[in-house]
Amino acid sequence: MSDAKEKLNAAKGRLGALAKETPDLFQGFIKISKTATRDGQFTAAQKELVATAVAVTQGCDDCILYHVDAAKRLGADEAILIEALEVAVEMGGGPAVMYAGKALDAFRNL
Amino acid sequence: MSDAKEKLNAAKGRLGALAKETPDLFQGFIKISKTATRDGQFTAAQKELVATAVAVTQGCDDCILYHVDAAKRLGADEAILIEALEVAVEMGGGPAVMYAGKALDAFRNL
Amino acid sequence: MSDAKEKLNAAKGRLGALAKETPDLFQGFIKISKTATRDGQFTAAQKELVATAVAVTQGCDDCILYHVDAAKRLGADEAILIEALEVAVEMGGGPAVMYAGKALDAFRNL
Amino acid sequence: MSDAKEKLNAAKGRLGALAKETPDLFQGFIKISKTATRDGQFTAAQKELVATAVAVTQGCDDCILYHVDAAKRLGADEAILIEALEVAVEMGGGPAVMYAGKALDAFRNL
Amino acid sequence: MSDAKEKLNAAKGRLGALAKETPDLFQGFIKISKTATRDGQFTAAQKELVATAVAVTQGCDDCILYHVDAAKRLGADEAILIEALEVAVEMGGGPAVMYAGKALDAFRNL
Amino acid sequence: MSDAKEKLNAAKGRLGALAKETPDLFQGFIKISKTATRDGQFTAAQKELVATAVAVTQGCDDCILYHVDAAKRLGADEAILIEALEVAVEMGGGPAVMYAGKALDAFRNL
């Protein structure tokens, strides 16, 4: 299992443990998450890439893994990931360059 | 002129003044910006909405005005703006709700 | 009406307009919000102050107004607001000092 | 020794090295920190949880370890930690969910 | 009085009101602030510009006013302000461009 | 090879992979970066420390490694690094204290 996959699994394990302690909160968050990523004018895959772009500017490693993985499962290819990362760099400067590098690496290793 | 338009014009005026003092920096930034927003698998309009989603999570008022305005000029309608804002709220919680409200308001008044 | 009250009302107006366009998202957010602020070992008023401390470190003006107002309505006095602001400054440095000043000002004018 | 404990110790080691080079700065920071976490209407333990909520929205791993550890030593139980994390998620969305998972994990392993 | 000066005065007024309620916290913050901005290999004016660069990437309007004003009083000219803003843009992307525009504007109007 | 050096090399490897996929974006970023760090009233080394101070308040580990390394190569000594870190703590509070500890550690191990 790649390092990226292991880290993503660990993150998902922590989410599961948290969800068990506060199910109402998670119900609310899942409602938001489902609403935010249903197909529309943006496809679901594209929406996961919007989330990736945001995560890159936020510098959230686990979020990058999570949303890159989701985008890939929904059929996003590397070319459109790069497009999302370019917007992230426009909006986030140097740190976004660093985390965009992590997002590309995650895409290739998940 | 609406309040949103006035604020956007003021921001653009400040950018112009800054660009005059550091043209090399702006040349670099414009190169990034053009690369990030050219048509691809995401249309240019969609990319401005990705930038809007990021700006909403960053709480940058002038960025919201700037990218909402650009998205609108490129033909984005309110329904797809809402889609981008939904992802922003997923990634930004309460503050993103507040700034998403400003983005919708800007869309209607620009 | 004080300036703080006017700004809070404007923010609430924008939230209402947004909620109308994406009711499912708001349903999810309200579920989170209700879960987060119900009475527990922290009282509801104290939880609004935790939210205020976070908002101060995030530099979100409208969030500060919103959560200071909610805390005040739930019975928080100025002394406990100051306690929350002190933690915010510990965690946020100079900018938190600035926004803590705004939070105190909001408390006195809402 | 758990992974969380090791990471916290490493962080404390780095703080010690830094404090030696800039004792005046640390004197100031300790003054802030002591003021922010003395017993009041919020207990000291609750204040460490306010700091934890802020740290979760900031995505600061070492801060989460530090303040979760302090809260636990002061007698906070898991139920009140969850309350603080719920407010963090309200204010921080998806990334806060990820870091809240880390905070719960830290609480159980410190 | 320019708009920038008015806003800075209002911010200083709020800080004064806050300081009165939590003098110990302010004593700690002033200790940090004095330590951080004493002359060294960076002059005091340069240090205020480092603070300005940070404030620009944080998007803190009042901090920008405060530290631009301090830098100017200590003798910084516009050319060195621009240098600090260039680093801020490198580290902060689009939002930093927006707030750098505000910093230049503040310098000219304070 | 120290842990810091290994992490920096890994980050640089990721940047190289990303640059290959989006050369225009990197051309723009390099233009910004070169403009931001040329000698001026701040020396190039000092500008790398301004970037370090920003990175510390942003909590970007790889950025800290990158800019501390660059500052050191350009001749910055530990004393001036500490000066930059002091401003970062003034502007970033507790999390900045944590990341400043990492910056000092990086300086000593790169």
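Every chain is named by a letter (A, B, C, D, E and F) in the order it is written, and numbering of its residues begins at 1.
Everything that follows uses one rule, which is that a contact is a pair of C-beta atoms (placed from the backbone, for glycine too) under 8 Å apart; a residue touches a chain by one contact, two chains touch by 3 or more.
Worth saying up front: this structure is predicted, and the values here are computed from it rather than measured.
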item: Reference interface E-F: repeating pair among B-F, C-F or A-B with over half of contacts shared; value: A-B
item: Centre distance in Å when chain B and chain C are each reduced to the mean of their C-alpha atoms; value: 25
item: Centre distance in Å when chain B and chain D are each reduced to the mean of their C-alpha atoms; value: 35
item: Length of the line joining the C-alpha centres of chain D and chain E, rounded to whole Å; value: 28
item: In chain E, residues with contacts to at least two other chains; value: 22, 25, 29, 32-33, 35-36, 51, 55, 57-59, 63, 86, 89-95
item: Chain-level touch network, classified as line, ring, star, complete or other; value: complete
item: Chain B partner contacts - residues on chain C that touch it in the complex; value: 11, 14-15, 17-18, 21-22, 25, 29, 32-33, 51, 55, 58-60, 62-63, 66
item: Residues of chain D that touch chain B when the two form their complex; value: 57, 89-96
item: Partner chain D, residues of chain C touching it in the complex; value: 32-33, 35-37, 40-42, 46-47, 49-51, 53-55, 57-58, 63, 79-80, 83-84, 86-92
item: List of chain A residues in touch with chain C within their complex; value: 22, 24-25, 27-33, 35-36
item: Complex contact set, residues of chain A against chain F; value: 59, 78, 82, 85-86, 89, 93-95, 97-102, 104-105
